[in-house]
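The following blocks contain the structures, represented as C-alpha cells.
One chain, chain A, appears in both complexes that follow, with chain B as partner in the first and chain C in the second.
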Partner chain A sequence: MDVGLLGQFVVNGMMLGMMYALVAVGFTLFFGVLDVIKFSHGDVLMVGTFAGFTTYIGMTAIGIDNALLQLVGVLVISIGSMAVMGAIIARYLVLPLKSAPPLNTLLVTLMLGTVLREAIRLFYPDGSNPKHFPALLPTDSWAVGSFTLRADSAILLLAGLLVIIGVNVLINRTRLGLAIRAVAQDEETAKCMGINFKMIVLLTFALGSGVAAFAGVMNGLYYNEINFGMGLLLGVIGFSAAIVGGLGNIYGAILGGFLFAGLQTLGAVALPFSSAYKDVFAFAVVIAIIAWRPTGLIAEKTSERV
Partner chain B sequence: MTQSLKDKLVILSLAVLATAFMITFLAIEEQAEIFALLVLAAVLVFASAKFGLIETISGCLSRNERLLNGAVVAATLIVAFWFYEDHFPLLMIATVLLYTVASCGLNMQFGYTGVVNFAGAAFFGIGCYTAAVLGETSVPMLMVIIVGGLVAALVGSILIIPVLRTRGHYAAVVTIAFGLLFRTFLEVNDALGGPQGLGVSGMNIFGWDFNSGITLTDDIEVSFYMNYVILALIMVMLTFVLMRRIERSWIGLNFDAVRLDETAAACYGIDIKHWKILSFTLGNFLAGTAGALYAMMLGFIAPSNFAFSDSLILVSIVLLGGMGSLWGTILAAGLVVLLPEKLQAIQEYRFLIYAVVMILILLFRPQGVLPRGLRAYIPGWRG
Partner chain C sequence: MKILGKSTVSAIAMVMTLTVGVGVADAKDKVKVAFIGPMTGGVSAVGVGGRNSAELAVQLRNADPEAKYEYELVSMDSECKPNVGVQVATKIAADSKIIGLVGHYCSAVAMGAVDIYHRFNLPMSVWGAVLPDVTYANDYKEIHRVNGTMINQNEVAAKFMTEQGYKTWVVIHDTTDYGKGHDKYFTEYLTQNGGEILADFGVSSDQQDFTAELTKAKQLNPDVIYFGGLTPLGVRIRAQMEKLGITSQFQGVSGIKSDSFIEGVGPELSEGVVSFLEGAPVDKLPGGQYFTEKYQAAGFAESEEAYGPFAFAAMTLILDGIEEVGPNRKKLTEYLGNIQGYDSIVGEVSFDDHGQNTVAAITKYVIQDGKWVVWEDSEYVDGTRKLAGK
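Right after this comes the complex of A and B.
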C-alpha cells in the first residue's frame, strides 16, 4: 500500500477517534457525577447537528454569507442549545430517577433517544432524508509526496484536540472541575462541604452535551452529510468506547475512542475479509475486551459495599 | 352463593366481556370507532380501579388459576375462530402470541434473574434465519422450531463470558454491541441474502401444509393463518407452563435471589454463574423458537426486521407488563402489537409513541401495568 493511501486512512481514523473520544467523554462525565448512563447522548449529538444546520440555513436566509461568521454561529447555537437541553434532561428525567434501579435510568434515556430521533425524522422538514451539511472550512490542501492533507481535516483535528484538552483542564484545574470531581467521588461529603449538588450535576450534563454537539458539528463538517440516525451509532460507539476505556475516567474515554476508531480502520484496511465487516470486527473486539477486562482497560477503583 | 361459585361466575363473565371486546376491536375498521372503544376500555379500567373492583377481581383470579388459564385459552380460540376466514386479524393474533413467547424469554432474563439483554430482536432473528436456512433442507419443520431455539441459545452462549463477568451498564453494552454486530453482519454477508433478506418456506407437519387454507365444506374455507394461530397458541401455553413452573420452583427462588442481591445470594451459597447461564440460555431459546415460527408464517425475512429499535420494543413489552409478570407480558404484547396496527393514524408515529409511553411509565409507574405480586409460597393460601 502506498504512503498516500496509508496517510489517508490514518487521518480518517484519527478523525473518527476524535469524534468517538468526544462522545465518550460525555458518557464518562455523566457516569462520574451520578453513576448513570445517559443513553440519549448520541441523539442529543444528532439534534445538536440539526440545530447547527438550521442555524446555517437561517443565517444564509438573512444574508450572512461569510463562512467564518456562519461557522461561529453554527457552533454557538448548536453547543449552547444542546447544553441547555442536557441540563433539562438531567433535571427532569435523570435526577427524578436517582434512587431507582440503574436499569430504569438507562431505559428512560434510551427511550428519550428514540423520541428525539423520531421527532427529527417526523417533524423536521423532510427529516427522513439525509441533509447536505455545508463545508464552512477552507478547502486548501497540502501535498506531501502522494499524501494530501486537507486544511479542513487539519483544523477539525486541531479543534477536537483543543476541546479535549479544554475539558481536561476544566475538570482538573478549575474550581468547577474540583466540585465535579468531589461530587463524583462522594455525593454526601461533597454536599457537606457546601457544594450545590444539583447545580453541579446540571452543569456537568450541560458540559457533556455541549461537547457532544461539537462532535456532531465536526461530523457534519467532515462528512458533509447528516441524517436523523447518525446519533444512534455514534452514541453506541461512544458508550462502548467509554466502557472499554473504563467508565468515570476521562483518559479511559479518550483511549477507548481512539481504540475503537483504530479497530474500525484496521478492520477496513488490514484484515483479509471485506471492509464491510469493519463494524462487525470492531464490535466483536469490544465484546472480547469487556470479557477480558470487565470494568475497562483503565479500571474503576471501587470496592463492593454491602 | 358460595365464594368459589361467585369467583367462577366473575371469571366467566370477565372472559365473555374480554372476548366480546377483542372481537369488536379486531372487527371494526373505522378509526373513530376504534378510538372510542379504547377510551371506553380505559375509562372502565380506571373506574373499576377507583371503586376497588380491581382488587376483588384479582382476588378471584388468583384463587382460580386453572379456570383463568382455561378461560383465556378458550377466549383466544373463540376470537380466532370468529375471524376464521379473514387473514389480517388472524395474522395479528398469531403475531401477538409469538411476541408473547419471545417476551417471556426476555422476561426470564430481565424479570427473573436480572440479566439485561438488549439484543432480544437479534436472538429472535437467529431463530428466523435458522428457519430460513433449514427450510430448504429435509429437516422436519416441527424440529426446525426447536433447532431455531437451540441455535439462538448456542449463539447466545458466546456472550455468556462477558455477560457473567460484567454487571449493570457494562453488561448492557455487551448485548447492545452484539445486537448491532448481528444486524451489520446480516447486512454485509452474501450467504444469508444480505440486505434483501431470505424467503422462508412455510410450516409443514407430516404433509399437512400450513400455507394452504383448510376447506371444511364448499362454503367454509378457513384462512391458512389459523394453522399458525393454533400452533402459536400451543407454544404460548407450553411457554406459560414452563415459566410458571420455573417461577414457583426452587429454580425461580434462586433466580429471585440472584436478581435481588448477588452478593447476599453468593453468601448463602447460591452459584450465581450457574443460574445466570441457565436463565440467559433459556430466555434466548424461547426467543429463537418464536422467531423460527414467525419467519415461517411471514414467509420472508430481512435484516431490517431485527434492528436495535425492535429489541427495544421487546424490552418495552417486558417493562410495560411489569418485570417478571407473565400476565402482564401477555397484556403488554397485545397492546404493543395491536394498537399501532389498528390505529392507522398512529402507525407512522408508533416508535415515538412507544418511547413517550415508556418514559411516562418509568417515571410514574415503574412497576409496570400488572406488577408481579409477592411470591406465594403456598399457592392458593389465604394468609
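Right after this comes the complex of A and C.
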C-alpha cells in the first residue's frame, strides 16, 4: 500500500473519529453531571442538522447567497436551537426523573429519540427522503498521487479540533467548568458551596446538545447528504465510544471516538472478507475492551459510578 | 349474563338494520383487497407512490357503475423490514375477507412473506420487488409478479455498459437479498460480455460512511463504479465519490431510479448517472397517459414514483379477476394462473409457470439536467454529452 493511500485512510478515519468524539463528549457530559444516559442524543444531532438545513433554505429564499454568511447562519441557528432544546429536555424530561431509577431516564430519552426521528420523517416536507446538504465550504482539492485532500475536509477537521479544545478549556479552565466539575463530583457539596445545581445541569445539557448540533452540521457538510435516520447509528457509536473511553471523562470520550473510527477503517481496509463486517469487527473489539477494562480506558477517578 | 346477551342481541339487530339500510341504497357486496409496501423508512417515497396507485385502481373501480362489488383497500406498512413485513403479511393473509393482495417493493420482505400467502391460499401479485427468487425459488401458485426481475435488468445493463466501451468495474452492493441478487446477476452477465470486476464490496444497508471502501476502489481506478442497492445508500456513495476525487462513471440499478436520488445528490453530481428499470417510463407505457391523468385528477400529495404504474396494473388485474370469478381466493388464484396476453397499462402481462410476467421490457435511463431521461431521448446518445471517462 503506498503512502498516499495510507494518508487517505488516515484522513477518512480522523474525520469519522472527530464526529464520533463530538457525539461521545455529549454523552460523557450528561453522565458526568447527572449520572444519566440520554439516548436521544443522536436524534438531537439529526434535528440540529435539519434546523441548519432549513436555515440554509430560508436564507437562500430571502436572497442571502454568500456562502460564508449562510454557514454562519446555519451554525448559529443549528447550535443555538439545539442548545435550547437540550436545556428543555433536561428541564422537563430528565430533571423530574432525577430520583427515579436511571433506567427510567434511559427509556424516556430513548422514546424521545424515536419521537424526534419520526417527527422529522413525517412533518418535515418530504422528510423520508435523503436531502442534499449544500457545500458551503470551498471545494478546492489538492491531490498528491492517490491522496486527495479537499479544503472543506481540512477546514472541518480543524473546526472539529477547535470545538473539542474549546469544550476542554471550558470544562477545565473556566468558572462554569469548575461548577460543572463540582456538580459532577458531588451534587450535595456543590449545592452547599452555593452552586445553582439546576442551572448547571441545564447549561451542561445545552453545551452537549450544541456540540452535537455542530457535529451534525459537520456531518452534513462532509457527506453533503442528510437523512432522518442519521442520528441513530451516530448515537449508538458515540455512546459506545464514551463507554469504552470511560464514561464521565472527556478525554476518554475523545479517545473512544477516534478508537472506534480507527477500528472501522481498519476493519474495512484490512479484513480479507467483505467490508460489510467492519461494524461487527469494531463493535466486537469494543466489547473485548469493555470486558478487559469495565470502567473504560481512562476511568473516572471516582469509580463508584460504574 | 342475561344483560350481556340482551345487549349483544340488540347490537346485532342494530348492525343488521344498518347493513340492510346500506344494502337498500347500494346493493353491491363489499370485498376487501390489500396492499403492502414500505410506507415509512428510507424507501417510503416509493411505497407511498405504490399505495396511492393501488388506491387509485380501487377508486376507479368503485366509481365504475358496472362493477359487481364495492372494494375496500386495506394498506399496510412493511417498513422494508422482513420482520415487520412478515407480521403484516400474516395479518392480511389471516383476514379471510381479504381476497387478493398487491404487495412488496422490498425483495427481502417479499422473500419472507411468500410462504405465508401460500399457506393461507392468498393470491397476490408483486408490484416492485425484483429479486428473481420471489417467483422462481418456489412453486407457489398464489405468487405472481407483473414487473420484470433483476435478471432481465442486469442482462441489459451489462450489455449496454460494455457497448459503451467500459472495461473495468468496482461493485458495491448492500448485503440484503436485493443487493446480493444484483451483484450475482450483474457479475454473471458482465463476465459474459467481457467486462472485468476488480473488486466487490458488500456493505450494510444503513451504512453512512463509505470512504474506506471508496478509497480502496480509487486505488484500483475502475472505469465504472456499480452500485446494487437502494436510493439512500446510492446518494451517499455518489456524494462521497466526489469527496475522494473519484471520477469513474457511476452506474446504479432500479433501486436508485427515483427523484429522491437526484434531490439527495444534487443536480451537478447526479449528472450522467445511469440506471436501468423494468418497464418503461409512465409516458412511454401503453396506458401511461391514462394513468397519469387519473393519478393527477385523484389529487394525491405524493408522486407515483417509479413503480406506481405496476402497483396500479397489479391491483387492476386482481380486481378484474374478482369481477370475473367472484370473491374467492382459490378461484382468483386459478384465474391469475391462466393470465396470458392480458392488456394492462404497463403493457402485456403473461404469467409463466412461476407466476412471473415474461413480457418485461427494460428501459435505460441517464440523469440529464437533474432529471431521469430515457437514454435514447437524451443528449448522451448522439455524443452531445458524454458519460464519465468517455
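As a convention for this text, the second predicted complex is superposed on the first by the 298 of 306 C-alpha atoms of A that agree within 3 Å, B and C clash if a C-alpha of one lies under 4 Å from a C-alpha of the other, contacts with A are read in each partner's own complex, and residues count from 1 in each chain.
Convention: contacts are C-beta pairs under 8 Å (C-beta built on N, C-alpha and C of every residue); 3 or more make two chains touch, one makes a residue touch a chain.
Please read all numbers here as calculations on a predicted model, not as lab measurements.
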Both complexes share chain A, so when I overlay them there, do chain B and chain C fit or clash? clash
One more residue to check, A:128. First (chain B), second (chain C), both or neither? second
Once chain A of both complexes is superposed, is A:115 in touch with chain B (first), chain C (second), both, or neither? first
So, A:9: does it touch chain B (first), chain C (second), both, or neither? second
Determine, under the contact definition given at the top, whether A:276 touches first (chain B), second (chain C), both, or neither. both
Is A:25 contacted by the first partner chain B, the second partner chain C, both or neither? neither
Does chain B (first) or chain C (second) touch A:89, or do both, or does neither? neither
Contacts of A:97 with chain B and chain C, given as first, second, both or neither: first
Clashing chain C stretch [against chain B; choices 81-89, 189-197 or 333-341]: 81-89
Chain A positions touched by chain B in one structure and by chain C in the second: 118, 232-233, 274, 276, 279
Please output the residues of chain A touching chain C within their complex, sorted ascending. 5, 8-9, 12-13, 15-16, 118, 121, 126, 128-132, 141, 143, 146, 148, 150, 153, 222-225, 227, 229-230, 232-234, 264-265, 268-269, 274-276, 278-279
For the complex, which residues does chain A have touching chain B? 31, 37, 93, 96-97, 100, 102-104, 106-108, 110-112, 114-115, 118-119, 122, 232-233, 236, 239-240, 243, 247, 274, 276-277, 279-280, 283-284, 286-288, 290-291, 294-296, 304, 306
For chain B, which residues are in contact with chain A within the complex? 116, 159, 161-162, 165-170, 172-174, 176-178, 180-181, 184-185, 188, 263-264, 308-309, 312, 315-316, 319, 348-349, 351-352, 354-356, 358-359, 362-363, 366
Under the touch definition given earlier, write down the residues of chain C that touch chain A in their complex. 40-42, 44-45, 175, 201-204, 206-209, 211-213, 215-216, 218-219, 231-232, 235-236, 239-240, 242-245, 260, 263-266, 269
